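Order as written gives the chain letters A, B, C and D; numbering starts at 1 within each chain.
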Amino acid sequence: MAEFEPKIVAFVCNWCTYAGADLTGTSRIKYASNVRIVRFPCTGRIDYMLLLKAFDEGADGIIVSGCHPNDCHYTSGNFHARRRWIMFRSLCDFTGIDTERIKFSWVSAAEGAKWADIVNATVASVRELGPYSEYKKVAKYPEREVSHG
Amino acid sequence: MNIDKRLVRKDSLEKLFDILKQNSKKIFAPSTKNGKISFRDAEKFSGIVTGYVQTSQSSKEVAFPRTEKIFDYSKSKDGMSVKGIDLKDIPEVILWGVRPCDATGIGELSSVFNWDYKDEIYNNRLSKITVFGFSCNNSDEYCFCTSVGGNPGNTEGSDILFTQTGENSDYLAEIITEKGLAIVSLAPDLFEITNNIEKNKFLAKVPVRFNHEEIKEKLDKFFESKEWIEQSLRCIGCGACAYVCPTCACFDIQDEAHGRKGSRVRCWDSCGFSHFTLHTSGHNPRDVQSQRWRQRIMHKFSYMPERLSVYGCTGCGRCSRACPVDMNILEHLISIQEVTV
Amino acid sequence: MVDLIKRAKELIESSAVKVVIGYENGTGNRTRALFVEKTEDADKLIFDSRCIQNLAAYVTKREVKDKGKMAIAATLPVMRSIIQLASEFQVNDNNLLVLGITPESKLIEFENLVEVETFVHQYQIEIDARNKEMLDRLDNMTKAERWKFWIDELAPCFKCYACRAACPMCYCHRCTVDFNQPQWIPVPSHELGNLEWHIMRAIHLTGRCIDCDACYNACPLYIPINLLTKKMMLDAREHFGGYQPALKGEHLMSTYKPDDKENFIQ
Amino acid sequence: MSKIGVFVCHCGENISATVDCAKVAETVGNYDGVAFSVDYTYMCSDPGQNLIKSAIKEKGLTGVVVASCSPRMHEPTFRKACAEAGLNPFMCEMANLREHCSWVHDKGEATTEKAIDLVRILVEKVKYNHSLNDIKVPVTKTALVIGGGIAGIQASLDIANTGHKVILIEKDPSIGGHMSQLSETFPTLDCSQCILTPRMVEVAQHPNITLYTYAELESLEGFIGNFKAKIRKKSKSLDEKLCTGCGLCTTKCPVKKIPSEFNEGLGKRTAIYVPFPQAIPNKPVIDRINCTYYIKGKCKVCEIVCPTKAIRFDQEDEIVEAEVGAIVISTGFTVKQPDFFPEYGYGKYPDVITGLQFERLASASGPTLGEIRRPSDGKVPEKIVFLACAGSRDPAKGIPYCSKICCMYIAKHAMLYQHKVHGGKSYVFYMDIRAGGKMYEEFVRRAIEDDGVNYVRGRVSRIYEKNGKLIVSGADTLLNAMPVEIEADMVVLATAGVANEGAEELAQKLHISYDPYKFFAEAHPKLKPVETNTAGIFLAGACQAPRDIPESVAMASGAAVKVAGLFSQDELTREPIIAVVNRQAAPVYSSCVGCFLCVSACPYQAIEKEEIKNRNGEVIKSMAKVNPGLCQGCGTCVAFCRTKSIDIQGYTHEQMYTEVMALLNEY
C-alpha cells in the first residue's frame, strides 16, 4: 500500500502569506506538494465554516496563514481573525475536532523560507496523525468515494 | 381476515423477543435516553421500557426516516448516471410497542405517499415493517385519540395488538394481519388459545373532547379568523411539533453534491418554519407565524380529510408535549370549536 | 403576582403600552407566555419559579412587535437578553418597557434600558453546579472521547430548530442554515449536518449568549447543547476578560485587542 | 452554461520543466464548462495574449483561467488582454503554477496533479465570477487642512500651488503653531520666525487658500472625494472686514495681566489681543473669559477707541459648511503639563520651566527680549540644568515612547545659553543622546566640545530648593551611579511631547483611528505613513507622533502630493473588490437584520446604517450599507455576518466555497 499522502488545504491572505509563498517559489525552495492554496483578500475574510468544509470534503490538515500582527494590509483584519480563531479553536477542541490538524501561522511576504517550513512541518505532523478518519466517517467520506468506483 | 385472539403470558414476551432475534429480526422498541423514551434498535429485552403513555417521538421514522438517500448520481463527459438505492438493502423491521394512535398514523402517512405518485421507497419500507401494537392502559391530559376517531385499543394499523390485562398481568394478543400471523408461526407455543377476553375494561379512559367533523366544517369558514393570531402569538416557529408528529409528512429534497458526484436525499421539513414557503422572488405566502399555525391545523383537519379522506391527526398529543412554549393543540381545537364564526 | 397584575392593568389602561408580555399557567404544571392586551387578561398573569422561559424571544417576533409598544415581565436572564438585543439595535426605549423581576421575585420598574443595564450589571453570570460538573467531565475527557460524546449526543437531533426559535439572540430572519447559495450547513439531520449546525450556533452566540438555557429547555430531545454555549462563554471570559451585555459595549467578537493571546500561531 | 478558456503557460521551461503542461491542458479541457484549453510557451508574450484574445472572440468565452505565474505578477496583464477582447476583466482568474507549484516541487506526477488541482479550483471559481465595473467616485477638488502650524502651512501651500483650493482652519487666533514660538532652530541656529513668517504671509495672500483662524471642525460626513465639513468659526467679537489691525484696542484694553499663551505664561497679554506681533491674521480677538465687558457688562473701551468701529460684542459663533475632497490633519502636539512632575517641583518652583518656556526666554521677541533671565527674580542664571526625557521613555508615567525632538532642542538650548550667558555653566542630564539626522550628531558634539555643555548620563530623582538654589539631585551612571548634586539657578525640563487634548474626539469626528497614546494612526507604519485608514484623509506633522520641523514639512509635502494626486482626476477609479450588502425585493429588502456588528468590525468605518422607509416616511427596516468610497475590500465584515448578508465582490461566498469544494473533489 502506498504511503498515506495527506491532503492539506491552505487558506492564506493575499498580501502577506500568498506573497510569501510566491517568494518561496522565486527562491526555488522546495517543499511538500500536498498543499493547495486558496487565496483570500485578508485573513479577516476567512470564514471558519470553510475550514469545516475542507474537512467535510476530505482534507486531512489545514493551514491558515496571514500577515503578522500590525502588518495587516487592512490594519486589523488579522487581529479580528485571530480573535475568531481563538474561539473557533476552543470550540473545535471542546467538540473533539482535532485542532492539531489546523495550523495557524503568520507568514510575511518576506518569509519565503518560513512558508516552506510551515508546509513541511504540517505535512509531516499530519502524516504522523494519519488520515482524518473520524471526521471522514461522520462526513460519510469513504462511502462517497466507493459509491461509484 | 378475522381477528384471532390469543393469550400471551407475561413471561413469554421476553421469549418471543429472543425468538424473533434468533430469526435475525431487527426490532425497534422504546428505550430511554436522556430521560426521553424513543424507538431505538433493541438488542436486549431488558432495555425495553413499558408503562409509558407515549414515546417522545413517533414511530414514523422507521417508515419515513428524517434523512434518506433517494439516489446517487455522477456526471461525466458521457452524461449523467443515476443509481437508485437498492431496495433490497432495506431491512425487515419489527416495531415493538407502538401505541394505537401511532399505528393509525402509519395509515395516514401512507395516504400522503400514495395519493398520486406511489412512493416506492416508502412503500417498500412499510412493507417490511411489522407493527407490534400495545394498547394504552394509561393516558394523560394531552391524549385525545377518541376525539379524532381512535381509541386506546384501536387495532387499525397494527399487525398484532397486545393489550395488558391488568397490572403485571398477561397480554391479550390480537392477530390482525398476515404479517402478524407470520410472527405467531415463529413461536406458536407462546400464543395460547384463550376465551374471549373483554379488553375494553383494561384500556385507558380517554374522554371525547371535541367533534372533528364539526371542526372540519367550522374550518371551512374560519380561514380569515383573528383567532389564528390570538392562538399563535406564543408560537416561536420551530418544527418540534411536526417532527414528533406521526402523520406530518412534509419533506425537503436536497442534493448533497461533491464535485461530479452526489446524492439526492429526502429529509423532514416543517410548515412551521418561516422559510418553508418563501418564494425566490422574496414573496412569502405564509409570512407570519399565525399563517403557519393556521396551515398546520387546516392541513390536518380540513385539507387532508377533504383530499385524502383521512384526518392528519391521531390524537397522540405529542406535539403539545414537545412544544417548548406549551402550544396545546387540544386546547386550541376546543377553542376553535367554541368560537363563533 | 399582584404588583405585576396591577401595573399591567395601568399600562394597558393608560395605553402606555399595547401589550404586556408575561407568564400564565399552562397545561398541567407548565407555565407559558401570556400576551396581555386587555386589562381583564392581566388577571391571568403569574410569576413563580416555574417561569423560566426566556420571554425576550418574543420582543423580536413580528406579530408581537407590530402591536406597538411592549412591556415585558423580565427576570434577570430576560433583562440580560434585552440589553444584548438593544446593543444590537433590535429593541429600544421607544418600543419596550421593562418590568423587572428581581432574583427575590420583587417587581422593579425601569425608566429606560440604561437603568436595566445598571441593574443587570450588579449580578455576574454564573454557571450552575450541575452544568459545571458536566463541563469538567468533558474537560477531563480525551479528544476522542469528547468527539464520541458529541457525535452520540447530537445524533438524535432532528433539526426542529426549537433551540434557535427559543433563543432571544437568534432573531435573524435568515439564519446561516437557511442560506443555500452555497449550502453552508447540510440541511439533513445526519451526523455531519447536526455537528455543523450546532458548531455554527455556538460560534454565532459567542459573546452574545447570556446563558439563559432557553435552547436546552426548548429541546424536545433534551440534548445538552447549552454546554456548547456555556463553554464558549467560559473560554471567552478566560481569553478576553469577563463580559456582560452592555448597551454601548464593545461586541466581544467584532472587536479585538492587539495583545489577544496567540500562543497557537506559528 | 459557462464557456471557460484555460490557457496553460510553460513560462519557457519554468513551469514545463516540472509540470506536464500538455496533460494539465488536456485534463482540464474535459471538465464541465471548459470550452477551450491550450498550453503555450509564453502566455504573457504578444502571441500568447493574442491566443487568449482570439479564443475569447472565436469561442465566445465567458471566463478565462490563465495558468501561469503568480497573479501578483501578471493579473493586470491578462485582465487587460481579456478586456481588449471584450470580456469583462474580472472574468479572468490566474492559477499560480509557477511560484506555487513548478518552482517549489520536483518533477513528477504529484506535481502535475497539483497543477491540475490548482487550475480546477479557478475553473470552478470563475464560473461564479461576475462582471464587475470599476467604481467611479466624483472628486470635489478642494482640500481641508486642519491645523495651521508649519505642517498645515506647508501642506496648504503645496496643495494651493498645484492649483487646487484649500481651506485652512486653525483653532488659535493666528497660524504659526509651535514653530512660531521657537527661538532658533537646530541644527543651523537660524531664527525660527524669520523662516516661518514669510510662509505665513504667503498663506494669507494665496488666492487658492481660504483661511479660517479661531475655527474648529464641528463635524464631518461623507467619504473620499466627497466630504462635507462643518466648521465652527468661533466668535472673535470683531468684524474682520472693518478691522485694519491698527492695534489701538490692544494698547487701550484695561485688562493687561492675562498670562500669554504664546509666551507660555512667561509674559502677559490683554483681553483683546493679537497673540504675537507677526500674527496672521494680524487682527485681534476678544478673550471673553477675561474681558471685563463679558464679565461685568461694562467697559467697551476697545469699541470706543476703535477707529473703524469693528468691535462686535454680540457676535455669535458661525458654522460654515464646506464640501471638500480630501483632508490633511496637521493638528500638531502638545507638551506634558506641569502637574505631571511633582518630583521636579514644576509649578512649585518658578525657576523650573519647560523647554517651550525656555524657547520664549531665548527668543528675541520673547518676554525678556532674548536675554536668559529666570522667571522668579529676573536674574541671569549662572548655573542651569536641562533634564532630558522628562516623562518620555518612562512606562511608569504611561509614556514609553521617545519624544524624539528633545535631545536636539536641549543641545540647542544649552548652546544658546552658553552663547548668551558668558561664563555660565550648563548641565544636561540624559538617558541616551538620540541625534540621528543630517548634521544632528555634529550639532550635539558642538554643544559639548565647542560650547562646554556638561552632559551627565543619568536620571534626576528630585529637585528641591535650598538657600535660594534649586538642588538637582541625581546620579551619574557612567561613574558607577555616583550621586550628583548640582546647585542650579534654573532647571529646564524637556517634557514629553504628547497628543493634543481632544485628539480622540477629533479622530472620532473624522472616523480615523488613533494609537494608544492618542496620536493619529497612519494606514501603514512603513508604506503609508501619511495616509490614514480612512481614504482621503491624510496626516502631516506631530499629530501622528512627535516630529521635528524638517520631518513635519516633509510629511506635509507628502500629504499634499497625495491630495494633488487625488485631485488630478475628475473621478476616482476604484477596484470593485468591495463589500456589498444584499438587496432583495420587498417585503424582505435584505436578509440583513441590522445588528450592526459589522460596523464595529470594519477597519474603515465604511459601513453605515441605511433606513428603508415606506411611503409615509416611516422606517420599516434598518440595515447595513457599505460605502463604496470607503470600503477597501478586506472582507472582515463578511466573516462576521451571521445572516451572510454581506459579500465581497471577487471573493464571494459562492466563489470561496466552490474553490474549497473543487480543491477536494473530482469534477
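Convention: a residue touches a chain if its C-beta (ideal position, glycine included) is under 8 Å from a C-beta of that chain, and two chains touch if they have at least 3 such contacts.
No experiment lies behind these values; they were computed from the predicted model shown.
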For this session: For the pairs C-D and B-D, output the one whose chains share more C-beta pairs in contact.
Result: C-D
Exercise. Greatest Cα-centroid separation from chain B: which chain?
Worked result: D
For this session: Could you tell me the distance, in whole angstrom, between the mean C-alpha positions of chain A and chain B?
Result: 46
For this session: Round to the nearest whole Å and give the separation of the Cα centres of chain C and chain D.
Result: 43
For this session: Please work out the Cα centroid separation of chain B and chain D, and write it as a whole number of Å.
Result: 69
Exercise. Centre to centre, by mean C-alpha position, how many angstrom separate chain A and chain D?
Worked result: 36
Seminar exercise, completed: Residue numbers in chain C touching two or more further chains are 173-174, 176, 184, 190, 253-255
For this session: Give the residues of chain A that touch two or more other chains, as numbers and ranges in rising order.
Result: 48, 53, 57, 70, 76, 80, 84
Exercise. What positions in chain B touch 2 or more of the other chains?
Worked result: 258, 261
Exercise. Can you list the residues on chain B that touch chain D in the complex?
Worked result: 75, 77, 257-261, 281-284, 287
Problem set entry | In the complex with chain C, residue positions of chain D that touch it | 588, 591, 593-598, 600-601, 622, 640, 642-645, 653-654, 657-658
Problem set entry | Of chain D, residues touching chain B in the complex | 30, 32, 584-588, 661-662, 665-667
For this session: Using the touch definition up top, name the residues of chain C that touch chain A in the complex.
Result: 138, 143-151, 176, 184-185, 190-192, 195-196, 198-200, 202-203, 206-207, 228, 231-232, 235-236, 239-240, 253-258, 260-262, 264-266
Seminar exercise, completed: Interface with chain C, chain B side, in the complex: residues 33-36, 38, 56-57, 66-67, 141-142, 229, 232-234, 236-240, 242-244, 252, 254, 256, 265, 267-268, 270, 273-275, 288-290, 320, 322, 324-326, 328, 331
